[in-house]
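First the structure, then my questions, so here it is.
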Amino acid sequence: MNPVNYLYLSALLFTIGATGVLIRRNAIVVFMCIELMLNACNLAFVVFSRMHGNLDGQIIAFFTMVVAAAEVVVGLAIIVSLFRTRHSASVDDASLMKL
Amino acid sequence: MSPQLAAYTTSTGEAFQFWVLGTVAVIGALCTVFMRKAVHSALCLAGTMIILAVFYLANGAYFLGIVQIVVYTGAIMMLFLFVVMLVGVTAADSLKETIAGQRWLALLCGVGFGVLLFAGIANASLKEFAGTGKANANGNVEGLAALIFTKYVFAFEITGALLITAAVGAMVLTHRERTERARTQRELAEQRVREGKNVPPLPAPGVYARHNAVDIAGLLPDGTPSELTVSKTLRERGQVRDVSTEALNDLRALEQRAEERLERTEIEPANLKRAEEASK
Amino acid sequence: MENLIALLIAAPLLGAAVLLVGGRRLDAVGHWIGTLLSTTSFVFGVILFADLLGKDAEHRTLTQHLWTWISVGSFQADVTFRLDQLSMTFVLLITGVGSLIHLYSVGYMEHDERRRRFFGYLNLFLAAMLLLVLADNYLLLYVGWEGVGLASYLLIGFWQHKPSAATAAKKAFIVNRVGDMGLSIAIMLMFTTFGSFAFGPVFSHVGDTSEGKLTAIGLMLLLAACGKSAQVPLQSWLGDAMEGPTPVSALIHAATMVTAGVYLIVRSSAIFNAAPDAQLAVTVVGAVTLLFGAIVGCAKDDIKKALAGSTMSQIGYMVLAAGLGPIGYVFAIMHLVTHGFFKAGLFLGAGSVMHGMNDEVDMRRYGGLRKYMPITFITFGLGYLAIIGFPGLSGFFSKDKIIEAAFAKGGTEGWILGGAALLGAAITAFYMTRVMLMTFFGEKRWQPDENGNEPHPHESPKVMTIPMVVLAFGSVFAGGLFSFGDRFLDWLEPVTGHSEGDSPLSAGTVTGATMVCLLIGVGLAYAQYGRKPVPAVAPRGSLLTRAARRDLLQDDFNHVVLVRGGEHLTRSLVYVDHTLVDGVVNGTAATFGGLSGRLRKLQNGFARSYAVSMFGGAALLVAATLLMRAV
Amino acid sequence: MSFPLLTATAVLPAVGAVATAAVPASRRTAAKWLALLVTLATLALAIVVLVRFDPDGARYQLTESHAWIKAFGVRYELGVDGIAVALIALTALLMPFIVLAGWHDADPLETGSRRWRPTQGFFALILAVEAMVIISFEATDVFLFYIFFEAMLIPMYFLIGGFGDRAHEHGEEVASTQRSYAAVKFLLYNLVGGLIMLAAVIGLYVVAGNFSLQEIAQARANGSLDMATNTERWLFLGFFFAFAVKAPLWPLHTWLPNAMGEATAPVAVLITAVVDKVGTFAMLRFCLQLFPEASKWATPAILVLALISIVYGALLAVGQRDIKRLVAYASISHFGFIIMGIFAMTTQGQSGATLYMVNHGISTAALMLVAGFLISRRGSRLIADYGGVQKVAPVLAGTFLIGGLATLSLPGLAPFVSEFLVLVGTFTRYPAIGIIATFGIVLAALYTLVLYQRTMTGPVKPEVSAMPDLRVRELVVVAPLVILLIFLGVYPKPVTDIVNPAVKQTMSDVHKTDPKPSVEAAK
């Protein structure tokens, strides 16, 4: 098996995550899909690291994880406060930008 | 292990592992997207992440594999679950699309993007894999540490700052500043009396022979459930369980059984209907 | 001595400035300041006249250069004055008659609270008129030309609380502007033809250019003269101009300003002499106007309008004479001067009558006034005799010469022009006799006005009668004074040139014919207005009478064609501007507005929807990148 | 290095604008005095410029040059020729009068308006416009000019949209919808023009490689910079379009009546007497110098448009019911004369056009400001609401009449000289156009006198019977303008002396000489 298959898997997961972001209305699930996309990227980075024989890819993946953690913290906080004020976790309800 | 990692192809074991676990990962990802309940999505995602951790390990990223399990699956996903609980664990989303054309556009974009990515990867014709053997020669963790604390030390410091900022930000976002003094019980009681609303304590939730929980609305004298009897939080989550019809259904079942036993063939639906109407 | 020329203008200009800027403080003495400065100017004029008389005929041209006015490239306009015999004649007429009328106005305007302003305007008029006749180039002349137009505008509209006065003033200015357009085009033509528009260079280069250009210049000058001198077809403003106070009618709309056109033509004699077609046009205009004005004068019951018609007609004589070329220039000016005396006298007399009759102007409400205002009667009567050309009085000498000159033009033209002039003389006699009879003879016909105030006709104060008397002297003796020994001819000849035409008729024949015409006119008028009582309400009259009462329908024509047409034009243009020109712009705006309104719907406010477009965009970017690599 | 006089002239009002804006709202009067002082100081500087300028010296004087954006060769280059000096002097001269005339216009206490208006903002915006206009006249770098040509729109937009005559509806004071319409229209028209010009500016850079007017003009003159005929024409059109919008030339004129009608009288003066002059000035300076051949190519079309402007503007002025719109249409007619003079390509035409810009500024200021005083007394812009004012307020009526007479170019007043020069200049080359344009003077008499007759004469209307005559402040505004009108009418030499050499230069730029009189030509 060619390790490139990992990359195909990564692309597939990324696409699934992206589609999920677009079709789900629950903010939490949307968030999870974003995490899925991040993880797919991480997989690609790790495979790149293997491909090039150095650890820079892993470092990037590591940073991605840190950033993802930070993002989750803030994002979930936003969802919580959103839910608190609007009594709903649906992203469609927050459509005040519409004229 | 390192010679294998350096090759074009992987060992058969790794291939087997990839095909089995990869399939599961994809199924997990799909379930994440399509499960109606957020908690199921979260669990599927956690599964996918664990599989990804295994793949990290297989690709020589031992440290990351462990971190993936500890941080992602262990901490982040638990955080998700907390929030899911807060928002309402049993609430199921409708998967019906409300924006016209959104689903088709999303699928189109998704498939198109996926095809493009696949085409891009295929186009890149990646043949040569150096393998991580050499890089991991002094141990994967040591190798990473050497890089993080030299080449990437600034980025690392900045991510530290980012984390602190995020922590503070989360606190700021979720913390609600009390802008006025909390009203005492006496004041609340006085207000209720003044407004003439709910002067006695709120009615208790429904207590029935088979149901005895705070999420069940008590019935009013005419048989309709009263929302007032259920806690506000549950009401907002839409988690009020309505058992008012169950009693009727039970009654109907009982009657039916009794009729069967008494071998009466004629059932008078009119009576039943009248009873239903009366309960409404 | 040259330096006095500027002072001629400066004195009344100073008066105008002081009186108009001075404000109410000067109300008590304003009229005397005005009169004093006007008289000062007259005195300067007399001094300069004496100086000129003391020189040879060849050296009687003084020039004074003050400053360079406009200097752009080859376009040079200087503020330079030129005093020669022609301008000297005008200076004396303007300042002399002007001063008399100032004096008269002191009495006439006594009860007007805005008398100071009136004198300011009169002084402004004098300054502008003097500038007109003293200018050494056409552009400076143009300044005076429009300046008198402005003064005329201000004075016609002096009682501007009366809408009729304000309208008349506006009409006068605008009709004059049409003429002014002619003058400015003439100046432009001169500039392109000669490279200059100063009298000297233009006249000396007349021979170097084509007749066509000169004809064009001449016709444009004629247009200007028509506007200012109320000649057909631009005559319509003069009748309405009688809305102004009577001294104004006397000074501006009879004696001086309206003769500026004649001055212009005579001054440009060099051009006209070389452009026979233009000259012919001038004579035609003159002949038509002299008949036109005379006919209008016959039909008017308003004493001032009757006199205005007469003015038009008399200026027609002058223009006719000026158009005859060197045969007529001198007589045009001579008639101009004598006309200045008797017409000013007639107007002042009319003013005096109105003054005594509570400002009534309808002659059908006069009658028998000779008993009540004897001085006015006598002076008016002398003016009357002068204008109809009674032998021995001023008008006789000047008018007779013009008729002679018209015949002397020769050929068919001569006969037609001479005939017209003769016919004009008969009609003049008719309408002037009519005025005389209706005003001073017959039974009294005045009635109390709606407030029950019956007019009490009385003689005017001395301050008004003295100028009338002086002008009457002029009306009687000026003609003779000028004619005996050809004094006037000798005086003007160096400027205008002179030639005797070969008249098909002897001088005696013409005089005789004129006398016959005169008698016919007077006789007809006496038959109609002297023998039987004048009806208090005008009879319907013949078609011609009715048309003449309406200024031979010229106003109606103007109203229908120009005013109505113009109103429709502007109104439709306003509409076009709003809907078409602006509509294109607003339409573009509306199109974009509608388009954006539709595009706005894409912005439905759902974050997911935006996410799809972002994702789609990202996909497109990836595709583009791949495509670029593939290529 | 010598003192940067030109920079100072432009920077002073800019600094003044900032300072005025910073005055607290409670001290409105201080803001007004500050603005007046700044305009007077600017006038003093402009006079210094005028004195230091040597008409017979180099073409551009008092030059300053500094590198600015090196990557594009944009330089901060200032310099003035005679035309610019005359217009800077005009701008600096009119400003104190505009400020004085607008003394109460933005003051809620004085106008009795209940709508809030930032007084100090009004004056700060006026000063900002002054700064930008002056630097537009000074800039000899095309890009620098473009920036201020466009930036001017911003303060003007706020001046038009934010301050105007009070609008009433059912007795209640309301925000005028017409006013914001006018402001937006002004902005859009000028922006479109400006954007097209921007394209041409960039095009010019692509062709010429720098933005310096002097360098490009020189290169064009000595043939080292060759433009393809079509390129030159397109670039010319790009520049001309923007200037024609600003000037404004028919059919791009419709923003002006709206803007002038809705703005307060001082702002209307600012628009027509100052800001619009940048357009005509730029035609002379940029269109003719940068694209001489294309200018000659476009001349017939432009002359016809100018002619239409003259007659059309005058005819529409006759048909107006609103005093300010009438003056606006009259201005359109006058701008037609200016543009006609510029493109007649004769010395008389161009000198006349420049002189016309100066004189039109003064005469329109006189007429419009007096009209503004009149309107502020009665609170209506409709001609039909007035009548018999002459009897009640003779000084007001008198100055109004003088302003009107100046507008109809009465000889003896300044505009006559310039109008006649333009007519003569046009006539010598294009007789037919010159003659038709002469009709404009009859129409001018018509609209001016109709306006005067309907407002000032006739029976006194009851609404105007208690109208006060001009106050001291208003007299201080009007009297100098009237004196100037008379002085320049009798003695225009000070201006023509400054302008003539510059016009001669421009004429040589386009390789044109005056036609010879036929008498000389025949010899």
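Each chain carries a letter (A, B, C and D) given by its place in the written order, and its residues are counted from 1.
Definition applied: a residue touches a chain if its C-beta (ideal position, glycine included) is under 8 Å from a C-beta of that chain, and two chains touch if they have at least 3 such contacts.
Composition by chain, UniProt nomenclature: A = NADH-quinone oxidoreductase subunit K.
From a predicted model like this one, the values you see are computed outputs, not experimental measurements.
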| item | value |
| --- | --- |
| More contacts between chains, C-D or A-C | C-D |
| Centre-of-Cα separation between chain C and chain A, whole angstrom | 95 |
| Length of the line joining the C-alpha centres of chain C and chain D, rounded to whole Å | 36 |
| Chain B and chain C, separation of their C-alpha mean positions in angstrom | 101 |
| Chain A and chain D, separation of their C-alpha mean positions in angstrom | 61 |
| Touching two or more other chains - residues of chain B | 99, 102, 105-106, 109-110, 113, 117 |
| Interface hub residues of chain D, defined as touching at least two other chains | none |
| Numbers and ranges of chain A residues touching at least 2 other chains | 18, 22-23, 25, 92 |
| Set of all touching chain pairs, with the criterion as stated earlier | A-B, A-C, B-C, C-D |
| Contact set on chain D toward chain C in their complex | 185, 188-189, 250-251, 253-254, 312, 315-316, 318-320, 346-348, 351-352, 388, 390-391, 398, 405, 410-412, 416-417, 420-421, 423-424, 427-428, 431, 434-435, 438-439, 441-442, 445-446, 449-450, 452-453, 456-460, 490-493, 496, 500, 503, 514-520, 522-523 |
| Interfacial residue positions of chain A with respect to chain B in the complex | 1-9, 11-20, 22-26, 28-29, 31-33, 35-36, 39, 42-43, 46-47, 49-56, 58-59, 61-63, 65-74, 76-81, 83-84, 87, 89, 92 |
| Of all residues in chain C, those that touch chain D in their complex | 20, 67-75, 79, 139, 142-143, 145-147, 150, 153, 157, 160-163, 165-167, 169-170, 173-174, 177-178, 180-181, 184-185, 187-189, 191-196, 205, 208-209, 213, 566, 569-571, 573-574, 577, 581-582, 585, 589 |
| Contact footprint of chain C on chain B as seen in their complex | 99, 102, 105-106, 109-110, 112-113, 116-117, 119-120, 123 |
| Residue ranges of chain C touching chain A (in the complex, touch as defined) | 600, 603-608, 611-612, 615 |
